[in-house]
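The first chain written gets the first letter, and so on, giving A, B and C; residue counts start at 1 in each chain.
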C-alpha cells in the first residue's frame, strides 16, 4: 500500500513536527561548502539534508529573491554564478535539457566536482547519458553521477526508511571518494559503480520495471493460456459438441482451477531444469571454467522469479479448490445426487477407491504447498540475508526438490488410473495431467542420475576446480581455499 | 514470536559460547578512554561492547569493589570521580532522577562529551528531556543524546540482529561527530537528528506504540461496528421481529462474514481517496507548491496502514467464507433441502442464473484478494527497499486500482439484481452492498477523470514544477532535473 | 527459490552487461597494493571487486601465464613470490591443506597482514582453525580471519544483494582495522569478532544448518508423533477393534487434522512457559542478577522458533480443515445422511446445540489464527527491525497471550461437554483435547498470578535493579537510566 515515500513534498517553511530540529540546525565552521544549482523539490530536500548533516550550503538560483523562501534559513540562496564560485562541490539539479544554460559557469566550475542527480523520463539504451553529456560540457570539472535513485522524500525523512544505497560512478576516483564521504555523513550507503561509462546504467535504474520478472511472467501467461484452452476443449467444448451438454458455467472457476496447478508444476520443474543442464554441461566439459551459453546463464539467474510464479499459481489453485464446495453449482449437484440416490433406493453410495484417491491427493497437495510456502518465505530479502549459504541451498535445493516431488505425487494420485482409461481421451486428447507430468519426471530422473556415486564424485571434483585437461595434484594448490559448496548443484 | 532480544541479560562472568572471544579481547594502546557512569545491565553490555571494539573502558561505580565482578576484566572499575577524570568521553547510564547525584563531578567533566542514554518510563510531550536537564546540570560539558533506542541485548550480541540505527543529537557538532565515529566502530549506523532540541523526540521513540496505526485501526473498528449492527438489524433482527424466526446462530460467523468485506472495500477506497483529493487540489491551485491541509497530509502518510487494515479484513473474509461449508448449520440446511426436494419430487433443482452469479463473484473475489496480497508483500520493508520508485508506484497505484476495481466488481456480481428487489429493503434499509459501493464508485470515477488527456497533461506539467502564476519557459530551468514521477499521482 | 547467489561464476573475460564498467575501471595511483595468493573463483571475484574499488591488485599464481587470462586487465598476475613481496596486504585464497606450500614466502610476508578467507568442509568443533594454523606457519605476519562467509558471487555483483556483513577477527588490532577499512571501501559492513580465537566460530558460520531450529523442530516432531498415535488408537483402531468398523481412510487427513492443532497449542504454551519460569525464579531469588540455569537460558532464546513452529502447525490445521468438505468421503456421508433422513421421514434434522458449538469454535479458531499471523509477520527480520521495544513486546507478549487464550477457547468450545461424556473415553483414553489443555491452562494461570498487584509491583522493582539483599535507595543510583521494559516479563 502507498507509504510515506509517496507523501507530497513539504514546502520550504513549516515542516511537520519531525523536522523541528532542522529549523535551528547549524552548519559547523570548517565544513566544506556544498553548492546546489536548481531550486526544485529535490534541491530543497537536498539542501535541508546537507544543512542538517552539518554542511554549509549555497544554492544557485535564477531568481534568488523568489527562491529564498523555499530553503531553510541556514542555506544561503544566491545567483548561480555566486554559488558556483563559492562551492567546493556542486550538485547539478537542473533538467538535463537545460544543462546548456550553465555553460556561463564553466570557468568557475573548472577543477571542481559536479554531481549530476538527473533522471531521464524514459529508458535510454544507447547513450550518451545525461552525466556523460554534462562531462562533455564541463571538460575541466570532474563529473560524478549519483543520487538519482534517491527520492526527495527519502532525503527529507533521512535514510531511516526506504533504501539507503546511493549508486555512484565517475572517472575521477578522487571526486568519487569525496562524494562517498558526503554520502556516509548523510547516512546513505555509497555503492561504487566504477567509471562514468556506467552512468547510463545508473540513470536507467529508476526506470526499469521489474526487468528480471519479464520472462518468468510471460512464461507463466503463455502456459496459462495454453492449458486453459486445452482444458476448455476437453472439459467444456467436448461435452457440448458430443452430447450437447452445456457446462459453460465451469469457465470462471473449474477450468481455471485445473489450469493453475498445471502451470504451477511446469514452472516449478523449470526452476530446477537449468541447474541440471549446467551440471551435465560441466560433467560433459570436464571443467567448471567454460562459460555457459547466455540463455542458460540468464535462465539460472531467473530461477527465483520462476519459483515465485509457480508458488503464486499454487496458492491460487489452493484458494480456488477450497472455494469449490461454496458454489451453488456444487450444492445443486449434491442435492440432485441425494435425490437420485433416494429414487434408486441405494442406501450407501460409498466408493472406497474414490475416497482413498481423494484423501491421498489432497494431503500430498497440502504438503507440497506447505513446502513451497517455506521456499517463498526464505526468498524474502530480509530472511535470505540472515541465512548462510548452506542453509540457503538446503532450503532452495533439498526442500525445493521435495516440493517438486510432492507436487508430482499429488498429480499422480490425482491422475490415479485415468491415464489408462480410454474414456479420458476426449477428442483423442490425453488428460492434462499426462502432459504436465513429462517435465517434472525428466527433472527428477536427472537429479537421481546426479546422485549416482561416480557422477556425484566427479561433479564435486569439478566444482572444487579439477579439470579433465589438467593433472589434479598440480591444479589444486592454485585453487582458492573454498569448498565447492557455493555452486549451482546445490540449488 | 519472542526472539533473542528478549533474552535476559547475562551476568558479568561466564558468557555463552558466542562470547568466548570477548573474555580475552584486548583494548588497543592509543584508543580513546571511554568512561561509563552506572553499573546496570546497560552499562555492562556497553562496557563489554566497547572493550570488544578495542576501546579502553573505565567504569565509575559508587561501590567499585562490589561492581568489579560484573564487568569484563579489560574494563577498569573505579570510583565515579576517578572514571570521570580519566575518560575523554563519558556515558551517563544513571537513572535521570539521579543525575543530580553527579554534580560533584562537574569540574572534572567540564569540556568533555557526555552521552545520555536514559529512557523515560512514559511519553514526555512537553519536555524538557532528560538530556536537556543533564545539559543544564553540566553547562561546560557538551551533551549528546543517543543509544537509548538500543537494547542492552543488542549491545551484547552486537549489531548482527535487531536494528542497527543509533539516533544522535547534540548542540555540539564536534561532540556529535566523535560519538558518530564511536558508533561506526561499534558497528552501528549513527543517524544525525540535529540539535539537542530533538532529544525529546529521541527519548520518546522507544515509548511510542504504533502511532501511525492509531487512526487506521480506529477507523477500521468504527466501520466494523457500524456495518455489524447494520447487518445484525437486517439479517437477524428483522426476521426475528417480523416472522419470529430465530437465526441468532448467524452472529458469530455469517454476520461477521458479511461485515468484513464491507469494511475492507471501504478502507481500500479510503487508501486512494486522499491521493485524488491531492491531485484535484493541485489542479485547482494550478501549482504543487501550496501546502496541503494538515488532515490531508496526515491522511496521505497513513495510506499504507489503511491498505494493510483493508487487506487484513479481506483475508479474514476469505477464511470466514471458506469455513461456511464446514459448519453443521450448512450441513443441516443442505440435508433439509435434499429432503424437501425429494418430498416435492423435483428431480433437478439447478438454477442457471444463481450458478453463474456465484461463479462470477467468487472468481472476481479471488482475483481481488490475489492482487491485494501482492500489494501487501510489496509493502514489507525488505521488499519495498529492493524496488525502485517506478516499480513501487506500479504496484501501489496500478495494481492497487486494479484490486479496487476487482473488489468493486466482486461486490457488484454479489449484489446482482438485488438492489432493485423491494424484498431486500428490510425495515426500509438498503442492502449493505449498496452503501458499501458508494465510496469505491466515487474513487474510480475520480481516477477516470484524471485520465482525460487535458487533465492528465496539465497535472503532469504541474508535477514537473509548472505554476499557473508563472510563465513556464522561465520556471523550468530552475526546476531540478527529475521527472515528476515521485509524486502522489502515481500512488 | 534459487536466486542470483547461486548463479555459476563468470569466467575472466566477457562479463554480463552489468560488468561493463569493470572492464575499463582503473586503479588509482597511490592506493595500497593488495596481493592475492590463489587463482580460484574466489580469487577472481575478489580481484575484480578490489580493482573495481580502486585498489592496485597483484595476483600470485603458480602458473602466471595460464592464469592471467582469468583476471581483469588491471590486475597484475605474477609469481607468488613476486606478488607477496609487492603487496602490503595479502589475501590467502589457497586450500588450507596447501597453506604449507607457502612457507617459502615466509621472509617476504613477515610484518605484513595476511587475510585467511578459507572455509572448512565440515564443522570443526575443537580447533585449531585454519586461521590459527596459518598464524602458526607465519608467526611474523599478523593474520586476520574474514570474508569466508562472503560468496564469490556476492563479490562479483557487489554488496547490493545478499548479506553485507564481513565477520573479522585477529590478534592485531592494527591489521584488523586496515582490513575493516578495506571492507568499508568495498561496500561491506565489517563486524569485529575480537581475537583470532574466534576464527573457529567464524569458519563454522557458513556450515551451520539452522542450529537454533534443531530443538524446536525435534520438539514439534515428537509431539506430532505422540498425538498422531494417540488419535490413531482412539479414532481408528478402537472402532476397528470393537465394532470391526474400518475407517482407515481417516489416516491421511482427518487424523492429521486433529493432531496438528494439539501440537500447535502445546508448542504455543511452550513459548510462554519459560518467560514465566524466569519471572518466578526472579521473584524467588529477589534479584535479576542471578544467572538462569542454562536450559532455561537456551529455551528463552528459542521462543521465536517455538512460536513459528506452532504457527506452521496452526496454518496447516486451517488448510486441512478447509479441505474436509472437498473430500469424496464428506460428500458420500452427506448424501447417505440425506437418504437416511428421507427414509426416516424426519423433515428437519436441525440441532441447535451442535450448530452453536461449531459456529463458536470456528470463529474462536479463526481469531486465534489471525492473531498468530500478526505475530509471525512481526517476527520477520525486516519488520522486527522497524518496531521499537515497546511495540515488539506489545505484539509478542500482549497479542501473543491473546492468541494463546483464543486458541484455548477454541479448544474448549470444540470440547464442549465431551470431557464429561463416558462415551468419549475409548479404551479408557481421555479425549485428546483434555490432554492438550493442561499446559495452556498452567501458563494462563501463571500469567494471571503475575498480574496480582503485589507480585507485579515487586517484579517491576526487581526488573529495575532492586535486590532483596540490598537496600533500595542505595542501589538505584548505581543502576543505569533505563526502565525495566527490555526484560522477559514483557515477552
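Just so we're on the same page, contacts are C-beta pairs under 8 Å (C-beta built on N, C-alpha and C of every residue); 3 or more make two chains touch, one makes a residue touch a chain.
The UniProt protein names, listed by chain, are A, B, C = Metalloreductase STEAP3.
From a predicted model like this one, the values you see are computed outputs, not experimental measurements.
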Between subunit A and subunit C, how many degrees of rotation does a Cα superposition need? Round to steps of 5. 120
Interface composition of copies subunit B and subunit C: same or different, split at half: different
As a quick test, compute the distance in whole Å between the mean CA positions of subunit B and subunit C. 23
Would you please write down the residue numbers of subunit A that are in contact with two or more other chains? 161, 322, 325, 334-335, 338, 342, 380-383, 385-386
Hey, which residues of subunit A end up touching subunit C in the complex? 161, 165, 169, 173-174, 177, 189-195, 197-198, 201, 271, 275, 278, 288-292, 297, 300-301, 303-308, 310-311, 318, 321-322, 324-325, 334-335, 337-338, 341-342, 346-352, 354-360, 362-363, 366, 369-370, 375-376, 379-394, 396-397, 400, 465, 474, 476-483, 485-488, 490-491
Going by the contact rule set out above, which residues of subunit C touch subunit A in the complex? 1-8, 10-11, 14, 16-18, 20-22, 24-26, 28, 38-43, 52-54, 61-63, 67, 70, 92-96, 98-99, 101, 116-121, 130, 148-149, 151-153, 158-163, 187, 205-210, 249, 251-253, 256, 312, 316, 319-320, 322-323, 325-329, 331-332, 334-336, 338-340, 342-343, 380-383, 385-386
